[in-house]
Each structure stands twice: as structure tokens, then as C-alpha cells.
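Next come two complexes built around chain A: one with chain B, the other with chain C.
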Partner chain A sequence: MAGSALRRLMAEYKQLTMDPPEGIAAGPISEDNFFEWEALIAGPEGTCFEGGVFPARLVFPPDYPLSPPKMKFTCDMFHPNIFADGRVCISILHAPGDDPMGYELSAERWSPVQSVEKILLSVVSMLAEPNDESGANVDAAIMWRERREEFNRIAQRLVRKTLGLPT
Partner chain B sequence: MQLLISSVCMALTSAVIGNAYYQKQQFYPAVVYITKSNASMAVIYIQFFVIVFMFGKLLRKIFLGTLRAAEFEHLLERFWYALTETCLAFTVFRDDFNPRFVALFTVLLFLKSFHWLAEERVDFMERSPVLGWLFHIRVGSLLTMLGILDYVLLMHAYNSTLVRGPTVQLVFGFEYAILLTVIASTAIKYVLHAAEMRTDTPWENKAVFLLYTELVIGLIKVILYLLFVIIMAKIYALPMFVFRPMFFTIRNFRKALNDVIMSRRAIRNMNTLYPDATPEELRQSDNICIICREDMVNHSKKLPCGHIFHTTCLRSWFQRQQTCPTCRLNILRAPALPRAAEEPVNAAAAPAAAAAQTGVAAAVNVAANTLPGAAAAAATDARLPQANGNAGRNPIFLPNFAELFGNANNIPNALSNPPPAMLPPFMSQPPFAYFTPPIGPPPPMPSDLTRFSDAELLAMEGTQRKHIEERLKMLRNTMLMLDSASILMQQYQGLMARLPPPTIPLPTAAGTAAATATTAADVPTVEPTAAAAASVYDTAASTSRAAAAAAEATAQQISVTATNSKTEQVTIEDLGAEEDDLPSTEAASLDVETEDSSELSELRKRRLKFLEERNKSPNSSDTTD
Partner chain C sequence: MESFEQTDGNRDELIIQQQREIEKEISESTPLVSEQLPLTCLRAEYEGDEIFTAKIQELAKKYKFIRRTRPDGNCFFRAFAYSYLEYLISNNSAYQEFRKLAEASKEKLVQLGFPSFTLEDFHDTFMEVISRVSPENAEGTAKVQSELHKIFNEQGYSDYVVVYLRLITSGKLQEDADFYQNFIEGDFTIEEFRHQEVEPMYKESDHIHIIALCTAIGVGVRVEYLDRGEGSQVKAHDFPEGSEPTVYLIYRPGHYDILYPN
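Presenting the complex of A and B:
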């Protein structure tokens, strides 16, 4: 019998493969390490990220699901809640007790009932509706709030970039 | 790159040796020549390190195979730290600095690297999906070999210290002792992991064993470090180079200690406070532990909020957080209430419960002290759990409820037996739950916050203590209002979620409702969200009279309690929107009312029977402290 974290990740992988949510694909990078996943997230329709397919990497701690995984986009991203290096800053990925931005409710935090699927769905909704109060990328937050057209243009350029089209 | 360096090194060495032979022609003079020449010695030293490195690679290939990226990264990081510490150690022993000394430190570093790698490998066991027999052979032989080497070197250092007095061998002895503890803990972990792998079911106590191993090994390490620092400080100087590892060891030990304490507390709570989930409860839920996503066949626990998990999953979660993973109910504070509610209801118990409730309420609510009428409210509240415990038996409770119900929407009150109010006594967050009477005096409301008189404003201006106190008081009032509003909302939602869904045949539904009245747990699909509550509300209102009655009771209660707080006005508006479609459903259900009321009396009878049985049978949770 393997460790509980591994069994849970296998179960989640199976579930995600059998019944994948729309616009999301995720799975381990290699079958002999279930603690590093790659995810592909389609930009939500009707937003400036529509049409893009954004690759991200999820790294799970050994004590998953008691601790949240870390998520990082591996493509260029420009978004108020994504750090310049691609790390995603949403409350579901923060364990209760550590609050980097100092505003999150504990009800939105990580708990073992959360899952990869819920994380990715939260990220999709984060792409659709940025939270400009959490300043993971302050430039993006200000631009999103004040110069929406410019923000949309940058987002569209990123979308084209992820698709390998000329920008 | 590595190949290039080693071949260049090889070439240089051959050149140096060849040159010496060419010049001296004989073995002994050639050796003397090389040792006298600094450049030649430098080349020889470098060659020595290259050989050590290559030997290390060979051993790694034999015992570990290829390293994972993470392993390599960790190794490199620790290696650099160890190297700087070694350099620091050189400063203490600069007097005995010689090639032998350097060689000994190289061996130490070399062995240390393999200890780290072995540790990583064993830690990775739990996370790797497939492990062949090769893995076990490799790890087994590596651990044995390292253990023997550590022991031999420790003994050597010990003997040499005994013979020659304290020298640099003291440091080596100590380092190998530490490495021996590392090997011991790694071996224990390996055995535990391997034992778990052999079984087909998860080994529940493994986590506990691991915790205690960590604790004991941590303690031994801390003692070793302290001894070493004391001895070193006495003989030489304060050993700066062990401070970093010592700091980490002490931190790990503290963490292990904390984990053990938390784990013990979690186990104790689990064994005493929370009941085992019965097979029926497991059948009613979807039978999957949402923490590990596996079936719950046995060893499951039910929390006061009704959520069911594996005992082991809960235990490891409670080591970190004392909340329900699903609804985040604080489980350390919640258990007080269910027990109060479950106590056998009789005249003697009631005053005691009331006293306890008042005590708790007074203790937890600071704001209560500043507000008039709070004590009265608390006293009334104290009756609530007890009233819920035997709802339907309490005659005082019923007229009020009927009155409320009649007033709610000016509809004819045709119910001769109004349904017992199923107000959740502990669904809501702890402290303020006591402060929301379903009937009776509304929560104490502070004065109007929308307007301030000049005197009030003046009292809050300024920086003196009394001004600050005034401001704090205002904030507390606001907090109290917000809390009472949210509790009302929670009670409303709890009520809605608790109502039996219409699709289930009524007898079972009534049975379920009776069971939930005191434990607030068994209802399937209890989801404390507004959406869920609303959906249940809609379906229930169309068919069940009880639903309408209960909903109106809550609505009425909110309109009674809400006075001048803006937050609460919003709540009322929200409810009002839902209430709009009520009259029609009520009109429609008027003709089936007589039937419904008989069903309700049936429900009451069932509940009474349930409570009587309950009081007769000894309750396990009554024995808790």
C-alpha cells in the first residue's frame, strides 16, 4: 500500500481523466512522480483570455492534502493575481494561518476537502474575474482597474503567444 | 564537463609523475621531488579530490542509481552548507591543520552526502508508485554499510580521544554520532514504510510511530549537540560551525514535540468527544472520506457538525487545524453544546445547563458586559438547548411558536400541533449562538448607529484613554450586531437544510428529522450554503407545511430582532424576496393542512419516543469531561 498522499493524487488523477471539467486538463508530468503535475487551462470564454491555452505546473507537498500544492504558470502571464514569475496567488492555495496579503477569509483557504479540480476551476474564475485588491502583480492590477483596453490588448497578445501565433 | 576536468586532471598528474621520473630516474628521489614541489603537490591534491568524486559517483550508481532532480538539488544545497561549516571548523583547529586533517574532513563530507541521499530516498518511498526489489536491496545495503562505517569511525574517534586526549577527533566522533542517529531514524522509517507497503490496507498507526520516532531521535540529537557545544566551549572555543545544524535540530525537535502533543490531543478528542459513525450514517452519506477520497468501511468519526471522515484522516488534519475540513466549524469549542443538549432532560438538569450556558456566554462575550440586557438574554438563551433537547415536550415553547407563526404573515393558524421548532443549537458558530433567542427578547441592540449626537461624537474624538474606550465600545456594538445578524442567517439556513426533502417518504424523513433534532447531523445534503438552503426551501415549501411554518418562524424572528442595523435590514430584504412566493403556496396547501398536521403530530410522537429511548440508553458522550 502506497502512502496516503500518493493514493489521493492517484484517485484525483483518475477522476480528472474520467470526467474532465471543461477547459481543464491536468495530470502528472511523469507516471513515476505523482507529485508534479502539469495542467492546461483554457482561457474562459467572453474574457480577454479567451482562446488561450495556458500551461501551468502544480507541485504537491509530501503531506498533501493536508497542505496545499503550489501552482505556477509556465507561460508568460499578465494578471493581477499572478506573480511575474508565474506563481498563482489565490486564497484556495494558502493554508489557513498564513496570509501573504492579509485579507483572505479562512473560509476560502485550503482545506483537505479541496482538490486539484477545485483549484483549477478557481484559477479559471480568477482569470475571468481578477481580484485587484490582492497585488501579486501591482502593475497588472492598476492597469486592469484603470486602463482596461490596454490590459485586454496585453492579454490578447499573451493568448496569441501561447498558441504560437505571431503577436 | 566532468569528463573534461577529470581527463585534464589525469593528464596533469601523469605529466607531473612522468616529469619526476624523467628527472630523478628512481622511485624514492622522484617521490621526494614531488613532495618538495608545491605545484606538483597541488596537482596531486586535485587528483585526489577528483578520485574521491569519481568514487562517489560509482557508489551512487551502485546504491542509488540515477538521482532525481529534487534529490540532486537538495544534495547540492546541503553540501555547500556543510562545506562552509567545515571551513569554519578549520578556524578552530588551525593548529592541527595538515593533509590528514583535510582527508578526514573529506571522508566525513563524503559519508554525510550519502546519509542525506539515503534519507531522501526513504522519504520518497511513500510517494513513489512502484518500487522494485532492487530498491529494497539498494537501500538495505546502503543503510547497513553507512551504519557500520559510522560505528567504526565513531569508535576510532572515541579510542583516539581516550588515548591522546581531546583533539580534532572529538569533532569527528560527535559528527559520526549524529550521523548514526540519522541512519537509525532512516532505518526505522524504511522499516515502517516497507511494512505498510506489504499490507493492502492503510496502516493507521504508522503516522503515530513516525511521530514518536521523530521525537526520540530529535531528543537524542539535541542532547548530543548540547553536550558537544559544552565540551567544545570548555576545551577550545565556542564551536560556531555547529550552530546552524543545532538550530535546525532544535527547531525540528520542537516541531516534533508540538506534533506529538497536538496528535495526542486530537486522538483524545476523537476518542471521547466524537461518536463513531454508524453504518446507517455511512449509508446515508456517500460513504467516501473526502480527505483521502476512499471508501469509509470502518473507523469513521462524526463531528458535531455532522460531517463524517476517517479517524486517521481527521487525526492528521486536527494536528494542524482544529476545524471541520468541510464547514470549518471549530470543533474544540463546539462540543460543549451538543452535550448540553443531549443531557437527559429533567428538572434537575435544566438549571445546571442554564447555569453552564450563562457561564460560557458571559465568559466568551466581552461585549456582553457593556450592554444592558445581555445577561437577561443569556439567561433566556440558556433555555434554548434544553428546549431543543425535548422540543415538543416543552409546553411553554409551543404557544409562543404558534403565536409567532400566526403573526408571521397574517394567515389563519390552523395547526393544532405546530411542529417543534428545530432550531439548530450548535450549527452556528459558538460564542454568539447563545445570544440568539428564537423567541423572547431580541438581542440587545445598541443605539442607532446611523446618526450620532454631538455628545456621542465628542466622546469618541480625541486621543485620550476614555475616547479610545468609547470608540472600542462602539466597535464592539457593531460587532455584536453583525454577529447576531450572521447567527440569524445561520439558523435560518440550518433550518432550511434540516427539513426533510420531499422526495423521501415521510416516515423516514420524520425519523431522520427526529434524529437530527438533538445531534444536528444526519440530514443528507447538509451544506451550509445559502444556495443549498434556498433550494431546499423552494422544494420543501411547495409540499411540506412544516417547511413553511419553520421558515416563517425564522423570518418573523429576524424581523423582531432586527431593529436599526443596516446589515440586518439587508438580511430582511433578502428574506423578503423569498417570502413573496409564500402566500400562494400556503393557499394551495391549505386543503391538505389537516393531513399535514397529523403527519406533524406523528413526527412529534416519533421524536418523543426517540428522546425517551435516548435517555434510557447510556450515552457515550455523557462520560466526557
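Presenting the complex of A and C:
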């Protein structure tokens, strides 16, 4: 089982290296273990996260791609769909049925034909357009909805932090 | 507020995780596909139950053996694949036809919009499995049958075959969306149904899955329904309607196993 997971992860890594989507870099932390990846995600242009480079970690299960990986930002984040500990909470990281957040029917779900690239692109969309209905971080969701300027200021501080600039 | 809500989200995830572990424990106590067992072994499960006992009695007149599959939500696909490939081992011309259909199916799925890159692995594995159970194997049918059994009990191969059949099923639903839309209950669009109920692993199959897969592959399936319904007869249903069955399955609420007619 882990054999086919490894084969698939190696193929995905190769694909992502040869033809990386804009603003995304990802690969195994160490070539000895293809089941743990690091990803770097550039904050989408024209959003409050623009300019930042956000590191995250992906952990793949032995039965990948039958089951989805887990994803966690390893930098400070403040976003409606990211838990305080960095865990990313979007529908594509869940199979239908495994539904802690009550996603909408039409929300994109995990299936074996999805890929790391699709996940990371969804995360970029999530940064650009938070879903304030699914509150992994309720404070962030409320602030996003009601005090956008304050939210943007916090986001800009996080951006500077990822660049090692004084906040 | 923040920490309370987050604990709540964590708790939901923990509950889901725990539920999955329990399911896993139950399902892993059954092999992915069992040996052939005498049909009468079903009696033991319904001891003292008159309706089921009478129905099993009736069923035993038509079928000698049953082959159990693991109750993991993939049972229809796994049972179908095993049973059909087993049939093909001793039907070379049908095998050659199916092999051609399977070979061409990848291109068709790509045209229907499936990502070629992630499809490839499943298609390759599917073709490898088909090659390994070729009736033209010089070592004989018994050898190929044991190879089939071995492959289907190796999780990696067995699950990839299930994934690929799910994709063929999903492709058929999309290809004939106007037709299948009529069978979908609730607010699902065909698109949502495919992504939510067909493509992901471990999602159980309904009539619509069976009809779409049988139609896509051009195989008749007879399902015997062993349930608490009236009468001592077990009701059978052929998919697609009026077809000559090649694959025989037994359905008990929530689960499919393989049947062997006399």
C-alpha cells in the first residue's frame, strides 16, 4: 500500500518541480521520507496577504491518495479557515462524510484524483477569499466580517514576520 | 470564545477519527475477499430468524457458494471486479474485448475532464491486474484464479482497482448526465453526486452506481436481495434491466458479496 503512495508522491513531486504553479513551491522535507512535505505559499496579489511567504507542512497517510494529507502552517497565521495551531481547514482536505465543519454540498472534496497541487491552489484561494461560514478561527472570522481594516493590519504584520522584517 | 470553539472543532475531528478507527477494526477482521464458502454458512448469522432462514433455504437451491468481501463501503466495486475478472479467466474472447475497453477507457476519462496526471497510476495498475489474470497464461486456469485471489487481497492492488472502477462509473454518470440526473435524490447535481458519492473511496454504492458501471462496461449483473421483505423468496434484480447476468451478487442491507450459481 505504502509502495503505491510513494510512487504517486514521487510523481507529484517531479511534476511540481518541473511545472510549479505560480507562487507555490513544495517538496519532501528530506528525500528519506516522502510522506512529509514542506510547502511555501506566496500570499496572493491584491490581498492583505500579498508579499508574504507562508511555510506549511503536509503529512501524508500511508494510503495516500485514497485518503487526503493533513496540512498545517508552521508560521503564525490569523485567518478564518486556519486553526490557531496552524491546521488548515478546507473542504478539499476532507473526504465527504468526514465533515467537522459542515461544508457546503458543492464544496470541493478529497478524492484519489485530487493532488497536492490542487490542495495548494485551494489554499491560495482560501487566503484570497476566506470562507467566514466555517469558523476554524472564530475571532478571525468575525474580524474579517466586521472589522476588515483591523484584519488587514494583522495580516500585514504576519506578512512582514514571514519575511523577517520588524513588525 | 476562540479557544472554546477551537476545542469544539478539535473534538469533532477526534470523534470522526475514533469512528474511523472502530470501522477500521471491524472491517480489517474480514479479508478483502474471502475464499469460496458454502452458501449455507449464512444461516449461522441469522439463527432463530425464520424469515432469513427460509430465504437462505430458497437461495441455496440456486447458488452453491458465496464469497465474502470486506464491509468497507467499497464492497460492490470489489465484488463486481473480482467476479467479472474471474468470469473472464475462462472466457478468452470476452477477456480480449474487456481488455480493449479498459485500455481505451483512460483516454475517454481524460476527454470527460479527469486529470490525466492523477488518473495514470490507477489506469496502469488496473491494466497490470488485467494482464496478470489473462486466460492465455500457460500455467492454466487454476493458477490464474489463485493469482486473482492473491491480487485482490493485496490492499494496494485491490484498492486501486476499486478507485478505477469508481472513476469509470463517475465518467459514465457524466457522459449520460441527462439520463442519470433523474435518479438522483435530494438537491445533488450530477456533478456533486459524482464528487461526493462516487469518486471518493469507502462511499457505499446504490442502484445508480451499479447501473452506470454495468452500462459502461457492458456487463449484466444479477443482485439477489436478502432482506426482511415479504415472502420466502429472495427478490432478484438484473442490471441493466433485461440483460443476461454474468456477475451474481447478494445484497444484504448495506453490503454486497459474490454468489456462485449452480
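To be clear about the criterion, the second predicted complex is superposed on the first by the 161 of 167 C-alpha atoms of A that agree within 3 Å, B and C clash if a C-alpha of one lies under 4 Å from a C-alpha of the other, contacts with A are read in each partner's own complex, and residues count from 1 in each chain.
We take it that a contact is a pair of C-beta atoms (placed from the backbone, for glycine too) under 8 Å apart; a residue touches a chain by one contact, two chains touch by 3 or more.
All values reported here derive from a predicted model rather than from experimental measurement.
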item: Clash or fit (per the criteria above) of chain B with chain C on chain A; value: clash
item: Which superposed partner A:13 touches (first chain B, second chain C, both, neither); value: neither
item: A:83 touches, of chain B and chain C: first, second, both or neither?; value: second
item: Which superposed partner A:139 touches (first chain B, second chain C, both, neither); value: second
item: Which superposed partner A:34 touches (first chain B, second chain C, both, neither); value: first
item: Contacts of A:112 with chain B and chain C, given as first, second, both or neither; value: both
item: Stretch of chain B, among 130-138, 328-336 or 436-444, that runs into chain C once the two complexes are superposed; value: 328-336
item: Shared contact residues on chain A - chain B and chain C; value: 1, 3-4, 7-8, 11, 15, 63, 65-66, 95-97, 106, 111-113
item: Residue ranges of chain A touching chain C (in the complex, touch as defined); value: 1, 3-4, 7-8, 11, 15, 63, 65-67, 83-84, 89, 95-101, 105-106, 108-115, 135-139
item: In the complex, chain B residues that touch chain A; value: 68, 123, 125-130, 193, 196-197, 199-203, 290-294, 313, 316-317, 320-321, 323, 325-326, 328
item: For the chain C and chain A complex, residues of the former touching the latter; value: 1-3, 5-6, 9-10, 12-13, 16, 20, 114-115, 117-119, 121-122, 125, 155-156, 159-160, 163, 167, 187-189, 192, 195-197, 199-203
item: Of chain A, residues touching chain B in the complex; value: 1-8, 10-12, 15, 31-35, 62-63, 65-66, 95-97, 106-107, 111-113
